[in-house]
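The following pair of complexes shares a single chain, chain A, combined with chain B in the former and chain C in the latter.
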Partner chain A sequence: MKRRRFDWRARAIQIGFVIALLLLWYYLGRSGAVSSIFLPQLPRVAEKFIQIVQSASFYNNLAVTLFELIVAVAIASLFGLSIGYLVGRSRYAVLVFEPLLAGIFAVPIIVFLPLFMLFFGIDVESKIAFGATYAFFPIVLNTIGGISQVDPRFITVSRSMGANERQLFRRVLLPAALPVIVTGLRIGATIGFLAILGSEMIAGLRGLGSRISNLAEGMNTAEMFAYIVFVIILAGILNLTLSTMQRRFDEPRSAS
Partner chain B sequence: MSDAVISGTRIETGSGGRGFLLRNPAAARLGVIVLALALWELAGHTVLDPNFLSPPSAILAAMPRVLGEPGVRNALVASFLELVTAFVLAVVLGLAVGLVVGLSGFARRATLPLVLLLYSIPQVTILPLFVLYFGIGAGSKIAFGVSHGIFPIILNVVAGVQSVEAAHLTAARSMGASRLQTIRRVVIPHTMPSLFTGLRLAMSATLLGVLLAELYVSTGGVGYYTRIFADSFDPPATFTLVAVLALMAVVLNEAVRIAERRASFWRMHR
Partner chain C sequence: MRLVPVPDVTQHAISVGSVSHAYARPDSGVVQTLNSVSLDIRKGELLCLIGPSGCGKSTLLNIIGGLVSPTAGEVRVNGQPMRGPAPKEIAYVFQENTLFPWNTILENIKVALEFQGVPVSDRQDRANQAIEAVGLSEFAHSYPHQLSGGMKQRASLARALSLQTDILLMDEPFAALDEQTRTYLGEELSVLLAATNKTIVLVTHSLTEAVFLADRVVVMTARPAEIKATINVNTGHPREPSFTTSAEFSDLRNELYALLRDEIEKTVGGFVGRAAARDRERRAVAGEGGARS
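== the complex of A and B ==
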């Protein structure tokens, strides 16, 4: 935030826009101009939302999706960080492997989803594998980028001052690369979340995504809207948590 | 990856001593790809179940059969057209919105948070709504592609417009340039590099959106065939489709890259 002064007019326009949208939704639904299958009435969605949050099946679905996300990100981090570190330490390995990994990431991995279903089944395993695959690439690419872009003078200086490999890692490489790596972890977690939701929607038995697509198939739009609202809130919380974490890691750098 | 995918057809080893590989990382890269393919081929003949994953040679052999099917060809053409339509729409709309949002400081402060708010919505969750509103045909795929592709363009155009140096704007104005001339001669050229970054991101995002919608519900597009092939345990056919789609992605990415080089040639000579 460069601007210290709070811009009331801009904030008013933002809030006004959101309120206008909600009012439009409310009155469109009440007037009956739009079928409630296409646009369920706002009060009904709110009602459903409260019902959902009180139901047990909702917490089961939420737990499944969060579990998938955590396992997927853990697997992706394990492989992404270690491979990224090994590749990033050697200039030559970076030249060989970085374009390969970046290239694979440029291919829409979503086209492989049917294969994931084939290998890992239709339940949570395939979602974890798919989410981990998607999350792996930003993590490994940022780790390579972070480690390999450490100023070589820092390494030379610390070597000439007698640092051993472990000290070099702990005191020089890690602090210098951390902001970039953490950004990779954040992007990886976000993309992994989207990949898991998407694969649940396309074919799944449990989880928030498959719940939404079940409701859509049943034309149960009011409840579907309520679920969508919840997932959006969940994504917002996830984003906020991750960017707060990231800001923490950025601080020492901006202070120097 | 272009290599990883295409190289099924060109297996030529950059053989030579250690020194050669050390001097040529690209040759080493090719070597890694060839090695991976060779391992895959070997595994395909020994441990892998052919119902799940077939060796590269089987995939190559299946290509003519799969691509010979008129339904598959039509599906590929249809998906390509959906992708191109969605991309063009995303660029036009994104550019318009981006310029409106970016050109005035106030507009940016007021509306950019709204754009970011929309962008932060996990779009897969609203995929059923697109199907509900635009049907199960090409409409929903195009609309979903646009909704994925438009944000990178808006954000990069806004960032590009923001990066124009105030001194340049003052200079243009003091030399008597009108507002339109300023935009045409100063702002747009300055926005170019950032815009092209946006175009490249938008291309892969649009492809993602179109494919997601295809896989979610499809009556004859690529998504339909990917499903059919996977469900009927025909991995060579699936891989063929995947390879063609990947090739499509690579070609389109390269097209944007070439356009970028053309449009911002003046940057190279600085």
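== the complex of A and C ==
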């Protein structure tokens, strides 16, 4: 398989699609076919967007949400990577715990959100705990998958050459499992972001999510849309950063 | 007390003493793979293990290398009993794809040297020497997936040679390659190994490869494997390609195939032999009937 080259035409079509959506939004608002309470006009949203990025409260909310995300992903990574490694090293542990973890992940954990609020309060702590819980599963599952699926011949050949446990981890298990683990981290961060915004919107005092739901309740749709646009941009940046990271790890072995 | 030890000519490089191996299968009890195999391998000898597929020749090789423990018996390397891998004495060449795909060829060899415990300062030179020995200098900084199958196996050989062990174990090293490539690599190996004086055990299922490369070919039976026969090939190394067209070569090859044929039939449940036997029987019966009438 050859590495995909940068395709200008594909990129142009993608940008064209976004522009078409924006144009549709613009003309729908301008024609008056849709009430501006439901769909605020594009120029109004742009105006609000510029306004909010200049306000201090915006940065406070942004800082809260980013802080929650970073701490949640850090906690999820710490537990996900270490548990994933320990389980992934033993075939029996994989047999026992992999289906168990995958099964729990299939449960919509959002139904337990009230419990998180009870245990951790309504402020940032419950958002961190909830986001970390969601982010944990893709990270731990991918780490188990990555470590347990390392070609056993690589381990045999390393042992025959005298590798000790530390060398085996650093030179074989880690590099072999890394692409799968990084994918887990990427999915974990994306889902963690979603869980944090969602829990903020359902019940929260601070952060981008609770700001958005406050604005919606106050029928302030133009500003709400401005926040939504910002969250979309943020998600885009997050995704771009993580996928660039992932590509970096995939590069030297596009085929084996 | 003697200060200078007298070389012990009777000591073998590898000594396999009544080695048996069996493993338990969850559904169908115990599978016996090796049945009391004894074998002495001289220093500097190239010995080929040949047998029907699945007979346990790879298991025997892994027991010699200390990667698998025998259920009975013992392997001694240079007089010392084997307990686990011996990276200072024994290097391996496996079938395709044991080079790490995330490392270049040079890095692969340097990691191998790190595993073996070679000091950092020596790794670069030894890796380069080994790569040069197999003629892959141009590709030192390539990743395995950028090389052809034959080049990958040469790189694996370079990795094994860089470890500078006295013993080299090769488990069907050319099995994944096409016939032309494996013939050529066999010739190359003969030249390369003539210069090193290593003790080599090579598992193969190719009759041509076995006769072309080996000083001695050990024929194994179907599972549970025992040693059926041993054939000597008395031509010196390096061997020329013309050796393969000699009468000696084809005689040995035919002899080998004759020894192997029954075992292969047992393994694949073949019908050629049985059909022939039935045919003979039928003719005998018909002959009898004819005589009576």
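By our rule, the second predicted complex is superposed on the first by the 231 of 256 C-alpha atoms of A that agree within 3 Å, B and C clash if a C-alpha of one lies under 4 Å from a C-alpha of the other, contacts with A are read in each partner's own complex, and residues count from 1 in each chain.
Operating definition for what follows: a residue touches a chain if its C-beta (ideal position, glycine included) is under 8 Å from a C-beta of that chain, and two chains touch if they have at least 3 such contacts.
In this text, all values refer to a predicted model and were calculated from it rather than measured experimentally.
Superposition of the two structures on chain A shows chain C fitting alongside chain B with no clash. Within the superposed three-chain model, A:Val96 lies in touch with chain B and out of touch with chain C [touch as defined at top]. Of the two partner chains placed around the shared chain by superposition, neither chain B nor chain C is touched by A:Gly121. Legend: residue contacts after superposition of the two complexes on their common chain; A:Ala235 is shown touching chain B, with no touch to chain C.
When the two complexes are superposed, the chain touching more residues of chain A, out of chain B and chain C, is B. In the superposed pair of complexes, A:Phe38 makes contact with chain B only, with no contact to chain C. By the touch criterion stated above, A:Val111 is placed in contact with chain B alone, chain C being left untouched.
Between chain B and chain C, the minimal CA-CA distance in the chain A superposition rounds to 8 Å. Put simply, chain A uses no single residue to touch chain B in one complex and chain C in the other. Considering their complex, residues 151, 153-154, 156-163, 167, 171-172, 175-176, 178, 252-256 of chain A touch chain C. Only residues 65, 67, 85, 87-88, 90-92, 94, 97-98, 100-103, 111-112, 114-117, 143-145, 163 of chain C touch chain A when the two sit together in their complex.
Per the touch definition, chain B reaches chain A in the complex via residues 1-5, 22, 25, 28-29, 32-33, 52-53, 106, 109-111, 113-114, 120-129, 131-133, 204, 207-208, 211-212, 215-216, 226-227, 229-231, 233, 235, 238, 241-242, 245-246, 249-250, 253.
Listed in rising order, the residues of chain A touching chain B in the complex are 3, 7, 9-10, 13-14, 17-18, 37-38, 92, 95-97, 99-100, 102-108, 110-115, 117-119, 193-194, 197-198, 201-202, 208-209, 212-213, 215-216, 221, 224, 227-228, 231-232, 235-236, 239.
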